[in-house]
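Okay, so chain A shows up in both of these, paired with chain B first and chain C after.
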Partner chain A sequence: MTTASLHGGPEPSARAAVVSAPARPAERMWWQSHSAQRKTFGYTLLAPAALYVLLLVGAPFLFSLWLAVSDANVGDPVAHFVGLENFRAAWEMDTFWIAFRNSVVFLVVAAIFKGLLGTSLAFLLLQNFRGKKLIRGLVVIPFTLPIAISVLSWKWMYDSQFSVINWVLSRAGLIGSYGSESWPVWLGQPHLALAACIAVNVWRTFPFSAIVLLAGFTAIPLEVLDAAKVDGCTFFQRFRHIVTPMIFPILMIGFLFDTVFTLSDLSVVYLLTQGGPANASKILPVLAYQIGIQAGNLGRGAAIALFLVPLLLPALILVLRNIKRREW
Partner chain B sequence: MSVSQPALTPSTVSRRRFLTVAGAGVTTSALLTMLDARQAPAQIKGTTLRILQWSHFIPAYDAWFDNKFVKDWGDKNGVKVRVDHIPHLELPARMAAEFAAGAGHDIIMNGSSILTRLYYKSLADVSDIYDSIGKKRGGWIPTAKPLVEVEGKQYGIPMFYILLPMLYRKDLFDANNLKAPDTWELARVAARTLKPKGHPTGIQFSQCADANLNWRSVLFSFGGAETDPSGENILIDSKETREALRFAKALFDEGMTPEVFSWDDASDNRFLASGVGCWIHDAISAYRTTEDTNPDVFKNTYIGMEPAGPGGKRVSTSAANVYMIWKFSKNQPAAKEFLVHFMEEFKDGMVQSRGYNMPYLLGDAQKPMPIIGSDPKMQILQDFPKIVAFYGYPGPFTTPVQEVVNLFVLPDMFTRVARGQSVDDVMKWGVGEYQRIFSKHKRA
Partner chain C sequence: MATPRTARQKEVRRHLLVYAGLTPFLVIAVFPIYWMVITAFKQEPDLYRMENIPFWFNMAPTLKNFNILFYQTNYGSWIVNTMTIATWVAIITLLTAVPAGYALARLRLPGAENIGIAIFMTYLVPGIILFLPLSRVVATLGLQDSWWALVLVYPTFTVPFCTWLMMGFFKTVPMEMEEAARVDGCGQLGAFIRVVLPVSVPGVLTAVIFAFTLSMQDFLYGLAFVSPGDQKPVPVGVPTELIRGDVYFWGSLMGAALLVGLPVAILYNFFLDRFIQGITGGVVK
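Let's look at the complex of A and B:
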């Protein structure tokens, strides 16, 4: 006997009808839906990456923002809010504007040369020749060498007295002898000093540009290029109308990386000239380091370093928007 | 006549406070007694002491320091000592990192850029051993205290300083009937005479440590100063500074080549050792480099007294070096004990550094000093302790001066003049930079 019959429930015939009636589905909350569960699963998988970005990028960035609006210095555990005072102080510095200008010149000139040399090298490495693999390995050496070692080697090559570059040029009769007016002092003449620093930066990082471009070139279907050739396109026409549009997203990502690396490159200038002579080669990262760490004024150092953000942000937005647009 | 009696008040000293004060007193007096008797306190046995310092310009000194001096002291006192060396330019960054982490070495060295005023809140007060060492070794040279003193307490032990004397080619001077460069004017005449004969001179017109030191020696010897003795007020805007700038311009035009604009701290060493330079104003590492690389030039290289300025004043701006103990160090007794031992055995260090390490203690500065006292060409260095100065002279090495030094404001003033800017324009720029930096620190 069932409990229902004991308590005066429906008769067996009626009970059968109840049983056969389709069960009304239980009320489900929105988060129990299939699509919500899929989303939750997706976000869970994404969470470690998001957390990583928040902790390793967001937190230091927010901390440097706080430093920039505080009077923090390296020896005092307590810092006070000073508003935009550090930015104002940097704005008033003669040296800051020299460093700002040099940073822009450094970035633009280095980007042009890296683009030209990187493209040429990438095309060279596309060709078939004996020892191609070895050469591909060798060209990335500047990029992989410890920066301190490679820059110190350059420092020796730029030495005012023993520069191997000068001695070769002198022996070739292109410049005078040591001590003469035409003997270049690479790290001692304002324009040459900045040019020398840019040259080392280009030498170090153009293999990276070449590798990025090479990756792009090899992804272009040969049939497309062959068809263009058959149609009578010249090399430059193919490069402009086929290669460049097809590798544009890769180009942009490479450009973005290169801009960030170049603008934040402290080592080359610091090790070669420390920003001299008379600030002629000083760039923002060097100035920020000298003020923030060496002189102990963390707040102002952070403010100077943050001046790079308005310089980088438009480039970043432009590049990302452009890539996004092309994806659709 | 009535004598007023002090009112008797009930004692406010609690038992806990009494025990704390008495305990601290007994510990300090025991430490001082042990230091006095050169007996290490038993509590340092079995501990570990970590020291961070530069890589010495004389590599043999580091080998001796790590493998002999430190090891012997550690074995004798039952302390495990670890010494880490980094380039001197990296010391400020490393110090900032250890401060931020609140952990690191027990003893940290400051070289050239002495950061006492920046970090004193986080450094151990070492006034006790500073005084006891001074008393025992005849006192400190007058310019030592401002390096480590803040608000009447000492937060570091000056370890040694590095002189930058005149190093000149006596053979070239004699062959051209030139007097030894005993004054800056004589040095200029020599450079003017010898440059056309292929032997120019050189001082760094660049952003490096030697430029900061050398141009301050010129400025101070010309009677100029950056601040007053309090370190609060700027004195750079003076006729003496203008004189010094004009002198530098003339010296460059007449006796140097443009390569000095690119020089780093070691370029003048190579310049002398190559046989080209007629004189340089540099540390004796240049003298030693020449000894090792070009014996013929070394034979004719002599060391001169700091050149006098127009008024006969001589000031030798030297690179200071100081040991400090972090407040967070858990082994301060061993650290203090080690520093006392280091200062007591200073002469050994002077021998091992081949006369490079110069003493802050008057007792160690007595003639004859080790190495330099027995070398006829180096004996003159024994007269330098009377004229030694450091950054900030005649005041202390304050935080604004530190920023001025780290931004190379003074060498830049000299460089701008040498490059052709007018003295007035350069003074305007330089004074502006000093004022901006000082006023910013005052506001802070």
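Let's look at the complex of A and C:
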């Protein structure tokens, strides 16, 4: 209650409505409208990007769930609900399980090699030496070259007869000459085919692992390490209690990004072997493409692609948690 | 004199060790590219002589492979397609991601951080899950079998990535700039366009580079949506059109791959640190 209202005058708020623009309430209203205006402006700027992502990523993702439970076909625009039929059919397909197993093997084996190569390269690049920029630039080329293009070079290096890899091995006396039993046909022999595809993935992404790790290392302030040294921490202690916790989040993100890209990439296998010989190198993305687009069975293809989700989901959740913990 | 010399010797030895360690990595990384270059300039018979040492020219180098490419294939149109697609993608990305990044970074919108993360997360939804539903979208819009389909779908990964990138970038521009602009009588839009954007040119350029390089990294969408030979972009056209059955013209193939691949790789190379910064959430300064 103000003095004015005690004397029978209107409440300040009511008075503000009657008397035009007394100082304080008007100021608050100006601020409020300013804020509302700012929000409108902000959401307007945000709208195009948000709409694009909603319409062309969000909606298609939901649509793929619908496709997976329908009998959608390339030729037939009308699709009917068939329940879990597509998943059941995939489940009973031998090829599906081969592809599933190959995908997991691909992911794990590639990750081990990338990790080893990437870590050693990162430690080397951490040193100071002449020509570091140039060498770093050369070493990351595999990652920056468009994948479909560099795979061609590998396809030529894996040639059944004129493979340069075999030329070297043969001259070194490790394998026989062309046509002999010990001459490897990289893309034509079941075990070699998958290994050859994994090798290309490792070649392409080990520089990525190294650079991510390097970014993690260089983000650690040297003063912290020096301070720990002064306080009498051993190398191992510094590594265990300072370096590891500081680079761990970055490492996780790099690792998980790589998981997503490796699991969902079809170009290496598709261009090298098409999944052959006899499905030996078939992975889920290639199978989804062959069934969804080449055979035109959109529903079945979508169901197979969605089997990647349970493999990817842990990765996605971890990335989300890591990004959220970040200081902005 | 004795001490500096041993220090110097130590330094030399350290260098030698580092170089020795790096050599295998360099060989592994660069050899496939070297092999492409040398193959592209070799004469056809030179590729198939196993008795020679294959690492250098045994016959005179030739430009014939490039000739074939430009005169007997659609390579010329693929380059034009690639550049046109990338330009459109860059335009769409700029018009959407730059304002969105600004709004999320600067306008204190409620939930801005979560919206930013949500948009960025869509970058992680892999194409292999989206390409079948998107093929329906493309068909409904009548864009199948033309490169316009790719102009439509490539922003699905450039927009999330570049929004995130621009968001990080705009956070580094001092707030005082807009405040000063507002005091000087600029509206909100005016402050953004006339004051903040001009100092953000490096960030905007980075977004353009990524719109270009990321769209050239795609293979799946191009493979799935565009089948006419003259409509393809280079990364899709080269492996699908230049290989017919079992006949490989390795010289032309390598030439075709190189001519577009190397400039992209070099460009991307300069911005690689920004890319890593982007995906690791801006924690790496």
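Convention: the second predicted complex is superposed on the first by the 237 of 328 C-alpha atoms of A that agree within 3 Å, B and C clash if a C-alpha of one lies under 4 Å from a C-alpha of the other, contacts with A are read in each partner's own complex, and residues count from 1 in each chain.
Rule of thumb we're sticking to: contacts are C-beta pairs under 8 Å (C-beta built on N, C-alpha and C of every residue); 3 or more make two chains touch, one makes a residue touch a chain.
Just so it is clear, the model here is predicted, and its values are computed rather than measured.
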Touching partner for A:Q274 - first (chain B), second (chain C), both, neither: first
Touched partner set for A:F162, first chain B, second chain C, both or neither: both
Touching partner for A:Q37 - first (chain B), second (chain C), both, neither: second
Partner contacting more residues of chain A (chain B vs chain C): C
Contacts of A:A193 with chain B and chain C, given as first, second, both or neither: first
Contacts of A:L107 with chain B and chain C, given as first, second, both or neither: neither
Partner chain(s) touched by A:I98 [first = chain B, second = chain C, both, neither]: neither
Contacts of A:D76 with chain B and chain C, given as first, second, both or neither: first
Touched partner set for A:A122, first chain B, second chain C, both or neither: neither
Touched partner set for A:I293, first chain B, second chain C, both or neither: both
Chain C-contacting residues of chain A that also contact chain B: 159, 162, 293
Touching residues on chain B, where the partner in the complex is chain A: 92-93, 95-96, 99-100, 113, 115, 117-122, 198, 200, 205-208, 257-264, 267, 270-271, 274, 276, 399, 402-403, 406-408, 412, 415-416, 419, 429, 432-433, 436, 440, 444
Residue numbers on chain C that touch chain A, as the complex places them: 14-15, 18-19, 21-22, 25-26, 28-30, 32-33, 35-36, 39, 47-48, 50, 54, 92, 95-97, 99-100, 102-104, 107-110, 112-113, 115, 117, 119-122, 124-137, 152-153, 155-156, 159-160, 163, 171, 188-189, 192, 213, 216-217, 219-220, 223-224, 234-236, 238-239, 248, 250, 253-254, 257-258, 260-262, 264-266, 268-269, 272-273, 276-277, 279-285
Of all residues in chain A, those that touch chain B in their complex: 71, 73-77, 89, 92-95, 155, 158-162, 179, 185-189, 193, 273-279, 290-291, 293-297, 300
Complex contacts: residues of chain A adjacent to chain C: 37-39, 41-43, 45-46, 48-50, 52-53, 56-61, 63-64, 67, 72, 117, 120-121, 124, 127, 129-130, 135, 137-154, 156-157, 159, 162, 164, 167, 178, 203, 207, 211-212, 215-216, 218-219, 249-250, 253-254, 257, 260-261, 263-267, 270-271, 284-285, 288-289, 292-293, 298, 301-302, 305-306, 308-309, 312, 316, 319-320, 322-324, 326-328
